[in-house]
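Here come two complexes built around chain A, the first alongside chain B, the second alongside chain C.
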Partner chain A sequence: MFAEKVIELIKEVDRNPDTIDQYNDEKIRQIIEEMHLLFKLNMNDANATTENRSLWTTVQVRHSALERNKRCILAYLYNRMKKIKTLRWEFGAVLPPDIRELLSDDEYQWFSKYSGNLALYMRSLGQDIGYSGIDLTENLKPPKSLFIEVLCVVDYGKLELEDGDVVMLKKNSRHYLPTSECQTLIRQGILKQIM
Partner chain B sequence: MVINCQSLIQNLKINNRIFPKQKQMSTENSGYLSITDILVTTEKVPCKFLHDLPKMGFLDPSAADVDLKAGCSVEIPLWLAESLYSRRPPLVSVELPKIYKESYREILNADACAVDLHKLGQHFYELGCYVAKHDIKSEVAATLNNTYRQRFRMLLAASMSSDSINTMQPLSASERIQAADASNTERSFLTWLQRGDTPLTTANMVANHRKRKRAEMEML
Partner chain C sequence: MESTEELQFSDDEEEVTAETVLKTLQSAWQNERLSPEILPHQNDMVECMLGQIQHMERNINKLSKTDLRTSIHKMEISRIKFIICNYLKTRLNKIEKYCIPILNQERQRIETDTNYLTPSEYKYAQEYVLNMENHMKNVVLNKMPGNMQVFEMNKMAEHPNLQTHVFLKANETINGVVLEDLTGEDEEIDLEEGSQHILQYKPIADLLKNGKVTLL
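Showing the complex of A and B:
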């Protein structure tokens, strides 16, 4: 049956709406092979339609299958692209290595470009009123207080604060830190706010 | 109940303001790149072929012939049926899948809440919208409307209930999403009403990635 492999790909996306999967290189290759085959068969039959008019219907069926495959692959890539965009906002400009290896080379290139564009835009913000850029990934929730108490969830290492103090972030240690310094780390799941 | 409905509708409005991203997703649902729409169009519908199709015998698993003869009925995916139907002249005539037929319509009109849409048709409403135009008596559209109206109370109950596994069970895929959205909204509305401190939290994708990694580690 036509276009069945591509549905497995789509189901993969549907199953995990909140996480990104390994780029399915192998399956994409198989689908493109199927499309090449369909195209070749269609070429042969289209050339033969002068003798046998009824072949024309077959050509139309295969053509629909080709278009279907194309649509599904585009949808797969597009939905991954949307997730990669979210990666930039949630993990930051530097991806952890285990996430990095889930992306294909082209996707990683796209990520770097997107990341660069976003940084450029954020730097250009507020220049007319004397700021040198605004980090849009900060303060996604209205800040309630200047300092918050946090619990460290993983062994992170040293964190240097803006005033020059160095804090050692060890697992299960508690700290009282400026909100502005730790909200990125909270979003990355390294710290947890204690209420 | 009326007050509940109103608060739900109000919540939905608030929801759109808080999460404009989700609204954008729903407009995408009818689009070329929508995953849901692709899954809906993979569902099979019975079709009658009006022309001979040489070399297409494999579409009908029961036929031994290489060619597909005009006049035989085969179940083919909706995307193929739609595209063949829209040719001039149409190559197939699309028939209704069984849950949109007279007998099932009667059941749905009698008591839609008694039907387990998860088992019968995951994408009941979406597929219905596609096949409604192939219904000669055009009763399918009214049935869809009526079904949703009857099931709305059930949907509301599912989104309010804490025992989500049992109440969510008979809902179709899109109903499940609606119920989940409604209960999320309800929760964020309540926290907003309490004016409590909103603690800073880990980003959604980061948390999910970590959860899944932990599950993989445990499996090893």
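Showing the complex of A and C:
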């Protein structure tokens, strides 16, 4: 059947709406192969239709299948792009290696471009009044209190705070830190907030 | 720490206080979060507030760390920062989601100098679409058969739903708001000052952009 593989691809995305899967290189290749085959068949028949009108329907059905394949592949890519975007907001410009592996090389390139574009935009904020930009990936949640208690999950090393104090982040140590300065570390999984 | 009066702008002619700027920014944020489409930018307000924050931060640094006022003001600053960040982020999300229609409309608006996006937002949107197009072309489109290779902008476009309903409050009395009906019978209603309504977004979009209504 036409366009069957592409449906599998769509289902794959649909099954895990919140997480990103391994880029399905093999399936994409197969679908594009199918498209080329359909296209070739269509070309042959289209040339023959001038004499034989009965082939018209066949050509049209194949053409619809081609369009459907294209549309679904693009939907697959677009959906992944949306997920990759959220990765940028969660992890920052550097992806953890295990997640990096799930992206194809082209996707990683797109991620870098997206990340660069976002960084450029954030740097331009408030430039006219002498600001060096704002990091929009901070302040994701409404601030509840200035300081929070956090537990350090890994040996991180020294962290210098805005006011110049230096804190030693060791595994299993507890700290009372300014909320604004540990958000990124919490998202990276280095710190854990103690409720 | 100086009182709020000292936070007033040196530019006395306009007589805008930090408080009014914050209020405008807050309502801009509220409207932006609730409206389905992108609204005209409030860059002046954002920059103004950022300047204020800088000013306040400098003042805080003069105080000792254990002073009670330090933490109160710091809290205030982080709240304002959150509003600014969230406001800008909401706009970015909309720009990304509806990038193609927004760019098309924006091109016309720039000609009449009624642009909704700030220059850097515009640049961001252009770059975003370009990246998306290149990515799709590189990964699959270029490998497809000849007549399938085009990147069809209008087919990829996602449009905001202007037919959605919104809660709103009238800031002033407005007469003769025309509500379109599916049956073709238009209805005209008057909004009284301070009254609240649930209406379709489209008929009140212009009122919102003129600041005559606020979304709730």
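Note that the second predicted complex is superposed on the first by the 174 of 195 C-alpha atoms of A that agree within 3 Å, B and C clash if a C-alpha of one lies under 4 Å from a C-alpha of the other, contacts with A are read in each partner's own complex, and residues count from 1 in each chain.
We take it that a residue touches a chain if its C-beta (ideal position, glycine included) is under 8 Å from a C-beta of that chain, and two chains touch if they have at least 3 such contacts.
All values reported here derive from a predicted model rather than from experimental measurement.
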| item | value |
| --- | --- |
| Touched partner set for A:I129, first chain B, second chain C, both or neither | second |
| Which of chain B and chain C A:M195 touches, first, second, both or neither | first |
| Touching partner for A:Q183 - first (chain B), second (chain C), both, neither | first |
| Partner chain in contact with A:L103 - chain B first, chain C second, else both or neither | neither |
| Touched partner set for A:V13, first chain B, second chain C, both or neither | first |
| Touching partner for A:K70 - first (chain B), second (chain C), both, neither | second |
| Set of chain A residues, in rising order, touched by both chain B and chain C | 67, 71, 74, 78, 141-142, 179 |
| Chain A residues touching chain C - in the complex, by the definition given at the top | 28, 32, 35-36, 38-40, 66-67, 70-71, 73-74, 77-78, 81, 85, 104, 106-107, 109-110, 113-114, 117-118, 120-121, 124-126, 128-131, 134, 136, 138-143, 145-146, 163, 179-180 |
| Complex contact set, residues of chain A against chain B | 1-3, 7, 10-11, 13-14, 16, 18-20, 45, 52, 54-55, 57-58, 60-61, 64-65, 67-68, 71-72, 74-75, 78-79, 83, 86-87, 89-91, 98-99, 141-142, 144, 148, 179, 183, 186-189, 192-193, 195 |
| Of chain B, residues touching chain A in the complex | 32-36, 38-39, 42, 51-56, 58-59, 77, 79-80, 83-84, 87, 91, 197-210, 212-213 |
| Of all residues in chain C, those that touch chain A in their complex | 46-47, 50-51, 54, 65, 71, 74-75, 78-79, 81-82, 84-86, 88-89, 92, 96, 120-121, 123-124, 127-128, 131-132, 135-136, 138-140, 143-148, 155-156 |
